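What follows is a pair of complexes built around chain A, which joins chain B in one and chain C in the other.
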Partner chain A sequence: MTRTLRGLALPLLLLACWQAASHFGLVDRRILPPLERVAHTAIDQVVNHGLLGHLAISLLRDMVGFVLGAMLGLLTGALLGLFRTIDLLVFPSFNGLRQIAILAWIPLISIWFGIGETAKVVFITAAAFIPVVLNTYEGFRSAPDSLVEVARAFTFTRWQAITRLYLPSALPSIATGVHLALIYSWVASIGSEYFMTVGPGIGGMIIAGRERFEMDLVMLGILILGLVGFLINRSASLVEARLLRWQQA
Partner chain B sequence: MAQQGHLVISGVFKTFRVSGEPLRVLAGLDLEVEPGGFLTIVGASGCGKSTLLRLVAGLDTAFDGSVRVDGDPVTAPSLDRGLVFQEPRLFPWLTVAQNVALGLLNSPLDKARRRREVSAHIELVGLGGFENAYPHQLSGGMAQRVAIARGLVNRPRILLLDEPFGALDALTRARLQDELQRIWAAERTTMLLVTHDVEEATYLGDRVVVMAPRPGRIAATFDVPLARPRERTDPALGRLRDDVMAALQATSSAGVAPKSAPVPAARTAPLLVSAE
Partner chain C sequence: MSVAQLAVTRRGDGRSEAQPPTVALALLLPLALLGLWALSAHQGWLPVQILPAPSEALGALWELAKTGDLLRDTSISLLRVVEGFAAGCVLGLLLGIAMGLSPTVEDYAKPLFTAFAQVPTLGWIPLLMLLVGIGEALKIIVIAKAAFVPIALNTMAGVRAVPKHYAEVGAVFRFTRWQTLTKVVLPASVPPVFTGMRYGLTHSWNALVAVELLASAEGLGYLLVWGRQMFWLDTMMGAMVIIGLVGFLLDRLMAGAERHLQRWRPA
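And now, the complex of A and B:
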């Protein structure tokens, strides 16, 4: 409890500074609107402009891309980690491709897939895919030799070794990858809405606010992004801790 | 019913390649353990005793010579040979009971029978009540007991132990040695234990083999004709310990002093084997 309170101290302090700065005229209100303005905009957006719908669409897009990317990533990472030939053939190219910043793919994706839903989901999928592949791959390769030897001594078949040894020992690493993918795909969801500004979504709302110079709308969007990101991160940590109870504290 | 677990090692040579150079680690080893026997091998580190154990386990099959269990040559790991390593090597994501059950993963027993064997062996090593604990909740001694239960659960003909108590504190080590002796008396599994601890080798073995390093070979063999359960303070055991110690020290000074220091009370001829 005290931990939570201490964690909240800095954000609250920043909000207070923001409020004070805009109230006492330290900064231009058009650039930094006071909190009550933002709150008012929030209510107005929810009631009159379908803010929750925008949020739901962003989240849905995020989830579709995340699930696709994570599943493809798991499969690819497992194949790379378990089969030496595939590893040697594919991993160098993958490693090269991932050096290209994810945002650099946007022009290509928008030419191939347009700037509608498909393109956005493809972009989010790619963003989620990369950390899952890397961490799954690392996880499968990190099964300790000492336990591999135990598996041999007890005459495990290849399948038994995969399900009882390689997969469980890869789980902490896979969890890290999936956790990163959750964060990356949320960032990518917003990015896709910034760059492919067609259709509803929180990112589109922020861009609209900028174009109309409605800083309250921009600030509101940013607060929502932060809050959603925070909640995603927290729930992922909770699920992770629950799944990996066997790990030493 | 003839008792099983007859181990015969004859003419075993083993060479490793170390940065391209061949390094002979075992040179002409002959050894026999009778069914239900308890053989301990003691030697300085690097004498090839763990390598020998890996050959018997079937984890390393690139060697010359022959290793046979009940007449069959060892070509791969088998559930007939249980194995206990120096570290417990438990699967951290499995409970105690699940870890022990790994030893039965490929056994022909049905589910109910497996469950019974698992809980019987957890009891055997004195861990009743800890079935659902995870390895990180166990002490080093308890974890090693789980490893012993895992090695024994399939009722192997031979249990191979590679310095199984080397990483434990003295008190726990002594207690587990007693436990192992009790288990052996109850199960009559053939035991082959490798150690660098002379005390442990003489206390547990029917016969103690001293190995010399570079290349690994048998330097001396001692019979331990003492009744069980043994007393650690038994003067006869103490004398034997001194003899084994002298033989062991002779192996490490062999490079400095001229060869073959006299070894009292030792049968210096390698045990030759007549497999029938």
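And now, the complex of A and C:
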């Protein structure tokens, strides 16, 4: 109980200072709009400007990119992890390209794929792809030697070894990769909307708010961004814990 | 020879990672792609605005290097990252140590910190642009924020994880609080703290690219924006290579420092 109260102290204090500063005119209201103004903007955006539609589109785009990236990543990571030749051929190049900060791809992607939906999905896919490849690869390579020997003793076929040994032992690592991909793809969705400013979305809304100097709109956008990120992260953790329950035993 | 060593030898098939055949194999794919790229440019399969010849990309990079633009933009970007990272590092270490040492501080600060960290750096940029404008301050704050979050988190975890008996030895020596902090807690938490700093530096570099793409008139990110506007793909590719290279080198630098600081540990 004390912990909750203590945790609330600083945020409440900040909000109180903010409200006071804004009401007594200590700061420019355009810089720090009062809280009720932000709340009012939120309602106004939902009712009159289709905020929920923007959110739905951002999430949909995010999911399409995430699913594509995760599936491609799983496949690539598994191939790299299982076949030494592919690993030696491809992994160094992948590692080299991975060094380039993901956002630095946006200008090139926007020349190759335009600034519409395709380009955005390509970018989100790439953002989700990288962590899944890395973690799947690591997972497949980290199958315990003792189990590899058991599989050999049972003269498992290649397919049996993959489905009964490598895949199960790679699962925790794959889960980590998919979890990271969920987070990265959400950030990438926002990033793609920042730089490819065509079409609806939460990122586009934030950028529009900045251009029109509407701080309340920007704050609302950031709040949504954080909340969605939080919910995505939380649900991923729950699913992960559930799927990997067998490991605890 | 222990079982673990045996296992390692078997897994590596007795080959070390950097043997020439391995390097040759690693180079095969990039070379093949480069060949295909050159062929495509030679045959004119794709317009130059979509894919310039590899020689042009290299030429653009050379041109940028010769005029000194590349060096100037790279050093501007690097300076920004160093300044922002240093600020984020100091703040992150302070908060991380405070939260790690005192549960009371953690109770007060952690929820607000978590809420602050929940919004990705990219999200804070437009807000900060309205607050502080698009000058140098914006870049430093954004980069500092990117470094601050992972450093604070890892430092806190690191300080928490220092074994109790280390502190007990300190108590036997009648260390003051300050001595316990500087001679016991900090050295013992080097690995996780450095992990945090390494993440922090990577995040800083990514944040730099973000902020320079959104609001800058110089630096590597701006070079990309400029190349995009002029449809100079060769310039953009050159800038991307440098961004990747610098990012890689910064990470290697941190890894080296990490090893250096940990040399007192028994292997």
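Basically, the second predicted complex is superposed on the first by the 221 of 249 C-alpha atoms of A that agree within 3 Å, B and C clash if a C-alpha of one lies under 4 Å from a C-alpha of the other, contacts with A are read in each partner's own complex, and residues count from 1 in each chain.
The rule is short, and it goes like this: contacts are C-beta pairs under 8 Å (C-beta built on N, C-alpha and C of every residue); 3 or more make two chains touch, one makes a residue touch a chain.
Because the structure is predicted, anything quoted here is derived from the model rather than measured.
For the composite obtained by superposing both complexes on chain A, the positions of chain B and chain C are free of clash and fit together. When the shared chain is aligned, chain C comes close enough to touch A:100, but chain B does not. In the superposition on chain A, contact of A:232 is made with neither chain B nor chain C. When both complexes are overlaid on chain A, the residue A:168 reaches chain B alone and has no touch with chain C. By the touch criterion defined above, A:92 lies against chain C but remains apart from chain B after alignment on the C-alpha atoms of chain A. Once chain A of one complex is fitted onto chain A of the other, the partner contacts of A:147 are limited to chain B, with no touch recorded for chain C.
In the superposition on chain A, contact of A:160 is made with chain B only, not with chain C. Counting the residues of chain A that each partner touches, chain B and chain C differ, and the larger count belongs to C.
If you stand at the C-alpha centre of chain A, chain B and chain C are 80 degrees apart, rounded to the nearest 10.
Legend: residue contacts after superposition of the two complexes on their common chain; A:180 is shown touching neither chain B nor chain C. Residue contacts after overlaying the shared chain place A:130 against neither chain B nor chain C.
When the two structures are aligned on the shared chain, A:210 is found in touch with chain C, with no touch to chain B. The overlay of the two complexes leaves chain B and chain C separated by a minimum Cα distance of 9 Å. In the superposition on chain A, the residues of chain A contacted by chain B and by chain C do not overlap at all. Across the interface of their complex, chain B is touched by residues 146-147, 149-150, 152-157, 160, 164-165, 168-169, 171, 245-249 of chain A.
Chain A makes touch with chain C in their complex at residues 2-3, 6-11, 14, 31, 85, 88-93, 96-97, 99-108, 110-112, 145, 186-187, 190-191, 194-195, 206-207, 209-210, 213, 215, 218-219, 221-222, 225-226, 229-230. Looking at the complex, you find that chain C touches chain A at residues 7, 10-11, 22, 25-30, 33, 49-50, 104, 107-112, 115, 118-120, 122-124, 126-127, 129-131, 205-206, 209-210, 213-214, 221, 224-225, 227-228, 231, 233, 236-237, 239-241, 243-245, 247-248. By the touch criterion stated above, chain B contacts chain A in their complex at residues 57-59, 76-79, 83, 85, 87, 89, 91-94, 102-103, 105-106, 134-136.
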